[in-house]
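Common to both upcoming complexes is chain A, partnered first by chain B, then by chain C.
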Partner chain A sequence: MPGADKEADLTERIEAFLADLKRGGCGTGPIRGSGETARETTALLRKVTAQARWSSAGDLMEIIRKEGRRMTAAQPSETTVGNMVLRVLKIIREEYARSRGSSEETDQQESLHKLQHFVHLKANVIEAINELLTELDGTTDNIAMQALEHIHSNEVIMTVGRSRTVEAFLKDAARKRKFHVIVAECAPFCQGHEMATNLSKASIETTVIADAAIFAVMSRVNKVIIGTQTVLANGGLRAVNGTHTVALAARHHSTPLIVCAPMFKLSPQFPNEEDTFHKFVSPHEVLPFTEGEILSKVNVHCPVFDYVPPELITLFISNIGGNAPSYIYRLMSELYHPEDHDL
Partner chain B sequence: MADCGEPDGPGNKDDITRSKNEGKELSKEEKQRLRKQKKQQKKQKERKNEKSETEKEKTPVSLLPPPRPVATQKAPSALPAPASAPIPVPASAPFHSSPAPSPADKPAKSKAELKAERRARQETDRAAKQPGSSSSGIKTKVPLSELNPVVKRLPEHVQVDDPAVVKRLAKKLERQQIPLRSDYGYKVSLFSHLHQYSRKAPLTQQLSIPSTVIHPSIVRLGLQYSQGIVAGSNARSVALLHAFKQVIRDYTTPPNEELSRDLVNKLKPYISFLNQCRPLSASMGNAIKYIKKEISNIPSQCKEEEAKTKLLTCIDRYIEEKIVLAAKAISKYAIEKISDGDVILVYGCSSLVNNILCEAFEKSRKFRVIVVDSRPRLEGREALRRLVQRGISCTYVLISALSYILPEVSKVFLGAHALLANGYVMSRVGTSQIALVARTFNVPVLVCCETYKFCEKVQTDSFVSNELDDPDDLMVTRKGKTQLENWQDVSSLGLLNLVYDVTPPDFVDLVITDLGMIPCTSVPVVLRVKNLDQ
Partner chain C sequence: MSSRGGKQKKGNVTSEQEEEEQPLQAVLVADSFNRRFFPISKDQPRALLPLGNVAMIDYTLEFLTSTGVQETFVFCCWMSNKIKDHLLKSKWCRPTSPNVVHIITSDLYRSLGDVLRDVDAKNLVRNDFILVYGDVVSNIDVSQALQEHRHRRKVDKNISVMTMVFKESSPGHKSRCEEDDVIVAMDSKSKRVLHYQKTQGLKKLQFPMNIFQHGSDEFEIRHDLLDCHISICSPQVAELFTDNFDYQTRNDFVRGILVNEEILGNQIHLYVTQDGYGARVSNLQMYDSVSSDMVRRWVYPLTPEANFTDQQGQGCTHSRHNVYRGAEVSLGHGSQMEENVLIGRDTSIGANCHISNSVIGNNCTIGDNVVLDRAHMWNNVHISSNVEIHQSVVCDGAVVKEAVHLNKQCVLAYNVVIGPNLSLPDGTVVSMHHPEEEEEDDDDEFLSDDQEVGHSKDKTRQKAFNPAEVGPEGKGYIWKASMNDTEDEELAQCLWGLVLNPDPESDSESEASEESQDRSRSVSPEIDDVNAFQLEVLGTLQRGLEENIVCDNLVLEINSLKYAYNITLKEVMQILTRVVLEYPFQQQGTQLTTLQYTGSLLPLLKTWSPVFKNYIKRAQDHLDCLSAVEELFLEQDTHQTAMVKVLMKMYQLEILEEEAILKWFSTGATNDKSRQLRKNQGLQKFIQWLKEAEDESSEEGE
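So, the complex of A and B:
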């Protein structure tokens, strides 16, 4: 039966995606960028919407929630997956409200389970998800377009580790302006090296420094531009380790800290969970097995992420423009529905 | 009536007064005579002024003994530069005239010279009225005794971008027959005033074997420095002193020479050589100053063997007092600060801090240690080995995980390379970062430093005076791929490997020295007390 084939195909794709997630985020640096993860998640959810059997908006949302729970459980630190699920849920609610022509919240809760305007709803939802996909495709370009507003000539800019968004941002500015970039290498993964080679290939004057020299050179830096893994609900960041030090050094020297983060990285989580916030990888990166005997007698930690409080951040640059950290809660209420925050 | 001042020819005076009394108009001749008298009176007044002024000008000339001939013309800063520029010749004229012995020569001066002198004086008065120069004018007229002007020479190793200095150094090394070490690789523009050497090209490769000029133990020491085999402030100083002991043992005074002068001259090329291998640290500089002073204080009647044993005991005593006993005293103070249940954070490998921790552990204090390390030197692993060997429970992280681990920490102990006179702590790069983050988390920061590492330098940032290590150290191979392998080929890519940085005193809560526990800002007090002792 063609239907069964399609279903099998769908489950296969979901399984493949989950397996990839479990492997991909093993901490030696994202093999896939978070942009690609977001796109794949959204494409999968579109498929689920198109192919799964549902009869009402409530059903659809239940199915999406179920799949979303499985996907976030595969790799909890990859928050973009959860964010896309929440976006799709919000899209469903909006489309439903629009098709019904009412905007009252209480009405929605009851009527979601009713069988109404089924066919139009499906088409509308799929169309909205397509719009979301085009938005995701253009995020990096949207952010890079704003580069010239923030970088003047002969500036010294510091960045940490590797972020594709920041790379595109700086390369776009380099087409018209001349400036220097200092890249902190970000041990033990040393992603900064790749960033520096890419930037220098675009003829940007780049210098690689060790993490230990961040405070020493900060006095000559005019701006700090970083990327992040997640933007938390209070405006803080979950970024690669070492970012908190950079933020503190920037505040000490009154240097502005600019975060380039597309909207799909905005997550409704708060940073108060000590156990779930941090992710650790094999301590072999820090103290290799060649050290021998002492390995059994010492504790070695290799955390991947750092928390940066919102007071240290000056500006968020996203695909919808620049915002202060204090505005993040409004953006969140536009993107996600409060009922969906716990999947 | 006696308004003509000086008594002139009485006849003339009578004529004039008579004519005035008579109310007649003064005749032409009488008018000319009057004019002449006035001129002469003016001249005498000028002579008096000149005398007093040239006397004043004489004193600053003698007080500022100019080392260079250029300085003589500039020495009286009573004549500021903007004034002397348009009238260079007359400015030197009162100068050349002032050493002239007798004021009786003065009337022999020509009118032009007098005019020029008058102009010069007007210029000085005008310039003295300007706010800036007036104080300097006054200052130079008072003999300077308390605040000795510090005429410091900038060390060569922070003037690499000045070709004249580089040439001078090359000549000096040629004279001493020491090879000049060449810089390596692309230097980041902010640091173009510092040297950057490669570890793969040690200076010793350019020496002939056997080296006739440099003692073999010094050659070995230089190689150990440049390859990083001997690293750490205390270790370098002790190694240096031991090498000097060997040099003194093998030394024989050549005929017609005095030991006190010749030995110091013998040591100069060794020090240049070691400086080329790796720039001297502050502790090494102080040790060398001490040795030179001891050598020059050897009385000339002293026999050679006696002098040599005296010097050897001096060096042993210096090591014993300033390093070994100081470490014991610092441990004693520091152990008071370690309580049971403490979690102590240390950075890198400081021999002093390791000593303190081991002693505290022996005195049965219960604590655990977190060792923070950083690329590319990874010195923390050595500290980890030493502590684990003693049985102290340790945790190990890299400096990027500092914000994660700091909430667990109760105290931070840091070592220092040198303590500067303005209270800044010069230490391994990364120390300032640790102090900054510790302050944010309200964790006390204690710096442990012996007094022989205190130095007179002042510095506010890590750029003006630093050391650049081999940039190739930053390369790393992960999963078989070295990203920065061909960094030399890419013109816009530079690698920066700093060795030291300075920590501002507001990040440091306490400095533990062998003299006691002092705040960071008391360093110049200790330096002054030490100078008075010596």
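So, the complex of A and C:
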């Protein structure tokens, strides 16, 4: 039976993805960029839509929710996965509403589960997911395109760690303008070194500084441009360790802090002491395992993320333009359906 | 799966096409072949013991799967049914698993060697494979090592047979187990192992000079390596185990390969990693440290909250100070979970408890005012109020009653009841198995488990519990490792193994005596080896006589014993001579008359002469042999007259040459006694006769 074959193949793909997520990021953060994770998740959900057995929008949403729960549980710190699940759920709702010819959300609620066959629903949903994929592919370019509006000649720009988006942003600006970038190395993983190498290859004047020097250097800086792992629902950030230091220093010197974050990093999660908020990896980078005796006498922790409160952020640059932190809630309600916030 | 497969292939783009197509295989030995975990492993095989509430074998399988292994052979022996059940229920046997697990059971496996011989007999591996034990916890990415291994195999045509994975960690590290401490001499450029030695108890280390004389000009002697017990083997390894039936462990193998390196041309290489984590849970000491490393997230991403076994309800949350809580955990008022605590699901903890550095399993109940420090509690454990537990293991179903105090390194095995109002001294092991039953079924340790359990139940009914040991309401017996003979002692040393830095406060009597025992044994391991070797040789010869074994085979056996005990050729010869000459005394008692002695010895010499000839070749060998003869007869001075007859016979059998005997006679005398011996009339005559014979023969020659 080819159907059974397809389903087995699908579950295998999902299991492999889950296993990859679980093993993802041995110490140095995710191996893949979050953009790639977002694309993979969406592609997988498209496959689920195409191959799973469902007869109504309600069924489909239930299936997507179920898989989504497993995917987010596999690596809770990787919020893009959950975000993409929410986006797909929203797409299904919209397509369903469109196929009924009404946009009234209220009367869609009741009949979602009673829904009979809509021949084109499947095709439409897949079409819409494809559009989402195209959007994802273009995010970095869209953000980089805005660089010239923000970076001016002879400015000194500070960034922290390595972000693919920020890298593209700076490189785009460097095509027309000359400016100086200071990269905080971002211990203990020191992704800043890699960032600096890449920037200097694009012939941007680059300086690497230790994290401890951030405050001292900040007085010379015109603008801080950083990336982030997640944008939280209140406009705060969950970003790589050291970002909070940079943000506080920037606030002290009244230096504008710009965050480059594509829309798929926007998560309905709020900052709280919830356990999945933090991610601790092997303390190897902080105190090497080879140290010997001392290890039995101390506790070593190696957290990966910092929380940056929204009041320290000046501007978000996403693929659809610039926004203030206070506007995030609005974007949130446009992107996701409020009913879906918890899977 | 596709992505992982891709990663693996990327590694060796240049390697042969066929190699790429073959899936990576692994051999997982789910048996320790020792009794280090007795009495705990009497009820549950070691691979299934929980570490951080997950069976150890699951860590090993996860490690293999994440390095891209696609086919794993699990070999079980002791309690194989339980392991099989566990694996069939786990995610590894789901059809979607990227790693196909085959379970192979047999009651006949007695060592790693048996397993690998079976691998060879069944032709299971087609390509390089990873060899691990079922109790290895690791997150090392071995693909780099694998790539190096394959590269070496390609460059110099199958010379390298094995790559051992080591982790760098300086001496004194708590995850280094003294029993496994090795010192390795290696070629820094090619990473070839030149010398490999366990350092346990050795005060002096010796390196043969010849290892430094060839090869490259850079050597490293390293003592900062932690043996991860992960090895990448080529299929030849299985064949070599078949060819050398005396190889029992990987140690034998490594030593054998290194000794025979020039003859067979096989080499062993080393891969040293700094990242990742890899350790084998070889005793409770290691269990304790690996468990604490896991809770402290050294093995990330194999952390408790990752729920990598994908079991329902097994997930837990991780919060500050490495506190992990499963579902439905309840914590009483005023209780504190200080740091590095893992609590399984449905466990309830009473008020005012202090918990630190501990792992608590599922479904446990803990009373009020309990102090737990470095405690390892498995599932369904009941602990009443006012209990204190320090650095101890409490197995499934155990009950600890009111006001019990468990000091360091206690073990409560399955279903034991302790207390109330009792304090167990350091190192107490309590089990439902009576220690004496152990001695009785010493030989059939590999019986199937149901038989074993039935057996033990009968016993437990017969013998009453001692309330002084386990408390008024207690159930269980103090377990004493049986110290019958030297061999057993070696294995049963102590459940906790040797402590690297003995705690200064652990100076209770039992501990102290244990340590001193260890010391005395470890100071002179060579003597022990020599003695053991002598016994073995005696046994071999005896058997050879009884079963009429051909001398060639005897030589083979003695040779393999030589490697097993690391004995030099000179010693072999001396011991062999000694054993043969003492043989009549051994068989018929020491009160033999000289006549009887020679009567029984001379035929023996004749039968075994090929054995002697095999070892005595060079002129020096003759002298060594003669000095051994001399030494023996110096001790047995009542039988000195027999010496001439022995020498005569040996001369006739062409074991010894006349020149050598003459040389020995003229120069060998070093002290009064031996001078005395040489004045023996019979001997004088014999020498005289020899000289004449020589003259004659030389005259004839002219």
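Everything that follows uses one rule, which is that the second predicted complex is superposed on the first by the 336 of 343 C-alpha atoms of A that agree within 3 Å, B and C clash if a C-alpha of one lies under 4 Å from a C-alpha of the other, contacts with A are read in each partner's own complex, and residues count from 1 in each chain.
Here is the rule we use: a residue touches a chain if its C-beta (ideal position, glycine included) is under 8 Å from a C-beta of that chain, and two chains touch if they have at least 3 such contacts.
Computed from a predicted structure; not experimentally measured.
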item: Combined model on chain A: chain C and chain B, fit or clash; value: fit
item: Which of chain B and chain C A:K122 touches, first, second, both or neither; value: neither
item: Angle at chain A between chain B and chain C, C-alpha centres, nearest 10 degrees; value: 90
item: Which of chain B and chain C A:V300 touches, first, second, both or neither; value: both
item: Touched partner set for A:D20, first chain B, second chain C, both or neither; value: second
item: First, second, both or neither for A:E291, with chain B first and chain C second; value: both
item: Partner chain(s) touched by A:D211 [first = chain B, second = chain C, both, neither]; value: first
item: Which partner, chain B or chain C, touches more chain A residues; value: B
item: Contacts of A:A8 with chain B and chain C, given as first, second, both or neither; value: second
item: Which superposed partner A:S282 touches (first chain B, second chain C, both, neither); value: second
item: Chain B versus chain C as contact partner of A:K47, first or second or both or neither; value: neither
item: Overlay on chain A, chain C to chain B nearest C-alpha distance, Å; value: 7
item: Shared chain A surface residues [contacts with chain B and with chain C]; value: 278, 291, 299-302
item: Residues of chain B defined as touching chain A within the complex; value: 188, 190, 374-376, 381, 384-385, 388, 393-405, 428-430, 432-433, 436-437, 440, 461-463, 474-476, 478-479, 483-484, 487, 490, 492-498, 501-502
item: Residue numbers on chain A that touch chain C, as the complex places them; value: 8, 11-12, 15-16, 19-20, 22-27, 73, 273, 275-276, 278, 280-284, 288-293, 295-296, 299-302
item: Chain A-touching residues of chain C, taken from the complex the two chains share; value: 1-4, 65-66, 95-98, 139, 141, 167-174, 224, 274-277, 289, 296-301, 305-308, 315, 317-322, 339-340, 501
item: Touching residues (chain side chain A, partner chain B) in the complex; value: 28, 185-190, 193-194, 196-197, 200-201, 203-217, 219-220, 241-242, 244-245, 248-249, 252, 278, 286-287, 291, 294, 297-303, 306-307
